[in-house]
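What follows is subunit A paired twice: with subunit B in the first complex and subunit C in the second.
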Partner chain A sequence: MSEKTYSTAELMACVMSRHLQDGEVAIMGAVSMIPMAACRMAQETHAPNLYYIAGGSGAVNPHLEPLVFSSCDDENLRSDAAMALPDVILLEGHGKRLDVFFGGGLQIDKYGNCNLVCIGDWDKPALRGPGTVGLPFLPRAGRVVIYTTSHNARTLVEKVDFNSGPGFLDGPEGWAAKGLPGNGPALVVTPLCAMDFDEKSKIMRLKSVHPGVTVEQVVENTGFKLIVPEHVPTTPEPTETELKALRQIDPTGVARNLI
Partner chain B sequence: MGRTQKLMSAREAVSHWVGDRCESLAVGGMHMHNNPMALIREIIRQGKKIKRLITSPSADINADLLIGAGLVEEILTAYVGFEHLGLAPNFRRAVETKSMRLLECDEPFIVYGLQAGAGGLPFIPYPKGLELNDLHKINPEMYRFTTDPYTGDEVMTAAPIKPSVALVHCQEADPYGNALFKGSEFTDRQMVMAADTVIIQAEKIVPDLARKYGSTKVNVPGFLVSAVVEAPYGCHPTSSHGYYTFDEAHLKEYIKACKTPETFAAYLQHYVTGIPEEEYAGRIGTERLQALSKRGESE
Partner chain C sequence: MSRQQLVISLPEAAAMIKDGNSVGIGGFVTTNKPMALLREIMRLRTRNLTIIAPPSSMEVDMLLGLGMVEKLITPYLGAEAIAPLGPFHSGWAGKKFSIEEMELGTLVAGLRAHAMAVPFIPTRGVVGTSIPSLNPTLRYVEDPFGGPPLIAVPPIEMDVVLIHASQADCYGNVQHLGATFIDQLMAQAGKKVIVQVERIVSSEEIRRQPENTTLTSEYVDAVVLTPYGAHPMASQNHYRVDAEFIKEYVRVAKACVKGQPELFEEFVTKYLDNPHGHAAYLETVGLERLFSLGEGA
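Entry: the complex of A and B
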């Protein structure tokens, strides 16, 4: 453990990057340093034909080297192309244009619903969050990759206090009845583990624990009954190729130093 | 008879074009970029009350400063925050203590709404699935449903947004109000098209703008613009795309200053109410501003 050669944020970027397929189109919003690192990395390794759109800047395939903190920074515009934001919003509604939508929240529940609005009652919030921006489009994305930099029982909850980014709603029946174009949440990446969703119950399921993390630790820090398969593999460490790509994209540690 | 120039100072523009209790004020820029801060600081100096503040899908200090100054009765927004720097202190406090009414919406509500406002459309229907979040439950007045005449399905709609005044930062403008964005436009052009009155602030006034860039780049036509204000570094502490990056240290100083009423009052006095806008750049310091320019400059 002591001679770990990568940061947790870098491992999270690797998990996301491996999930992205060549030829797909991904999109992300604010505070997306890790997803941006993942997309750039995927392009440099196994998915040279991946497209990604950097949120509000409208930039398509920013050539970020180094990464930047803000999704709307003009550095993003050193890119293949750039769209006006209303055009991006239009396409987010299309239902077949975007394969992967990166989402997250102050709270994420067992069905993958996300909340960026408030903790507690909307009318009398214990904590007022920033607001939901584009997360309501999640049901129209091909699939959703959820990430959080804090894996604890306050963030991963039984049910979100406010649903601002719908996942599998209240479960499989409700979800199926809506007949949506998207396939819902596919992957959740946290500092402790990677999770996916049980095909039948649509409940979050432990996929792999990061090196040095135990299954018990994940269960303890999760605020709902996570599905734990009999055998839980360890998340593969970043390969040399992955790390090399990552360090080239992020020499200053914009993503690396997050966690 | 010669053409009328629309150039004026921030003071003149705000005093002449913004009512003492502005019915609805839209502020451009997104996150910590292209915020029309010179005009916003002037709104505060002149103590203009704002019945409804309308933001782009992601507001930053543009909204938070006006809220902190106690000028905003209600806000229509989808996000107020400081991205990687954290939550928006005055927005958060005003909502938690209910000193300001929150008309909470999502990003498409603003984009569709401005589009509808600009084109005289009665509403814009949402794509299916966008009604699955909880926003319409807490805000049934704003999110209304109708029947899709083609399928018979129930659809959620976004109402037109027609700001009485829009404040927008363009990087360059000519004296007649024709203007361009050197980087991202965000939803600023929709605001320009939907608002009754538009005040543009620009880094630079370029008399032969269309000749310099070609008219297709000049996509804010002057007939929509009431006033043009030359405001070099007018987005500080946010960035101006193509000119300078955001001042992270200043934004952190701002967030810190918002912790107590005393420190916030001192911030306002030092950077806003205690000086005319023309002295703002000097207060920040030429060297510091030039250091921010180096990265953002793209000629």
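Entry: the complex of A and C
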């Protein structure tokens, strides 16, 4: 692994960046260095008209060079606009305004539901998580990109203990019945692989394994029965253009050194 | 008669918070937190508080650790990349304090309901989550125009709201000179509002750029002068977060939760109980350290 010219976090940023399309509107919350890097990178490469909001500060298209550790750092103020937070909430709740919402959790389940609230019973939790933040808005965005920096069976679970960031809820019927405006989770990015969701069953499906990672490794570290297609490609490595853009916006390695 | 001046001392401000009060804390995660006010309240160990905060951090965790909180209402407690969790929040929830499950959109709706003086605001934000079954204040409500049911969020009111801002005049006209987060809605929902500021300026200074005024004197009950008052949090356009300080806090708080309270007690003595007044706190932290948090330093 040490031979590589890029870090795992950089590869994750590339996978997210490739998923973003020119002209889309994306938003992220706290602890979002990798999505922030992905958005800045997309703007510098294939999506100059990507519009992104750093949730915490309400900063629109923060021109981050270098990246910062917090979505409410005042470096974010070097941006197109600093929206008032209640206005960010209006955007998040509207249902037709956002194309991509970056989310994650202490637990993520096979239907892409996220949990940042608690491990165990809510009343007497084994661990209280940081809280919901704005994650309940996930199903009100066009699609959700889920990411985690720890791909293991404790994080990727059969069913979340608390649903604070809805994915496909309890499956296709429950999801359809709620009539939520978004199309649900579309992509999951971890240090081991990229995943998407089976169109019919809405269960998470292996999309590509990162270079050096085996399918078995992914399956072993996943706490539910992941859909594994017959042929699983390898995630393309970062191109020279991608790496150049990444390092221009993140010279100090804020995202690079995460994992 | 002359216009009423609102500048008071930190001890006078802290005395406005009584046992059993609901207290709102402005700012966001590790930015613009009214730390000087909170330290003064912590020194008094005011008890049985209900804390209402937008995304919060070690300021709330410390209130929990000192046993001052009966009920906590916040959508987030952590310090982003500096520290993902608050030790007392993570370890003691449901044991030493209760939680009313709250997310950011619901909090904003509740504050807005109060500002509009309506019994509820209809929202869709928590549909599909586990929250409605756990937060007894939320109710499903019919759409009188025939659409699907909505979730009604009742008004949120607080006895006292604490805010940190850049500057104010002595009459309580406040300017943030940076992001306001949800400070304005918080102030609108507070029976009393206390604002701590980096500096007090003349009314002429405020009038030069009235469009920068974020809270008018109508909403403000008291102003307290506290330069570097957000430390160890960031104050937008003034200084950055003191990440090392927060890490030190998390270290000692973690040990305390694990049954070794000595280091936490030392920390509390050093930074809360021993320094008499804000200036003494800043001296304890040290000028060199404070200056190193400035831009380009």
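Operating definition for what follows: the second predicted complex is superposed on the first by the 257 of 259 C-alpha atoms of A that agree within 3 Å, B and C clash if a C-alpha of one lies under 4 Å from a C-alpha of the other, contacts with A are read in each partner's own complex, and residues count from 1 in each chain.
The definition used in the following text is that a residue touches a chain if its C-beta (ideal position, glycine included) is under 8 Å from a C-beta of that chain, and two chains touch if they have at least 3 such contacts.
Owing to the predicted nature of the structure, the values given are computational and were not obtained by experimental measurement.
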Looking at the superposed three-chain arrangement on subunit A, would you call subunit B and subunit C a clash or a fit? clash
With the two complexes superposed on chain A, say which partner A:Asn152 touches: subunit B (first), subunit C (second), both, or neither. neither
Just subunit B (first), just subunit C (second), both, or neither: which does A:Val117 touch? both
Given the touch rule stated above, what does A:Gly182 touch, subunit B (first), subunit C (second), both, or neither? first
Just checking: does A:Gln21 make contact with subunit B only, subunit C only, both, or neither of them? Give me first, second, both or neither. neither
Which holds for A:Ser201: it touches subunit B only (first), subunit C only (second), both, or neither? neither
On subunit A, positions contacted by subunit B and by subunit C: 30-31, 33, 56-59, 69-74, 77, 82, 84-86, 89, 92-93, 95, 117, 122-123, 125, 127-137, 139-140, 162-166, 169, 178, 180
Under the stated contact criterion, what part of subunit A meets subunit B in this complex? 30-31, 33, 56-59, 69-75, 77, 82, 84-86, 89, 92-95, 116-117, 122-123, 125, 127-137, 139-140, 162-166, 169, 178, 180-182
Of all residues in subunit C, those that touch subunit A in their complex: 28-31, 54-55, 74-78, 80-82, 84-86, 89-91, 93-95, 99, 101-106, 108, 112, 123-131, 134, 148, 178-182, 184-185, 234, 236-237, 240-241, 243
Subunit A-facing residues of subunit B, complex: 30-33, 57-58, 77-81, 83-84, 87-88, 91-92, 95-96, 104, 106-108, 111-112, 115, 126-130, 132-135, 138, 183-187, 189-190, 239, 241-242, 245-246, 295-296, 298
Which part of subunit A faces subunit C closely enough to touch in the complex? 30-31, 33, 56-59, 69-74, 77, 82, 84-86, 89, 92-93, 95, 117-118, 122-125, 127-137, 139-140, 162-166, 169, 178-180
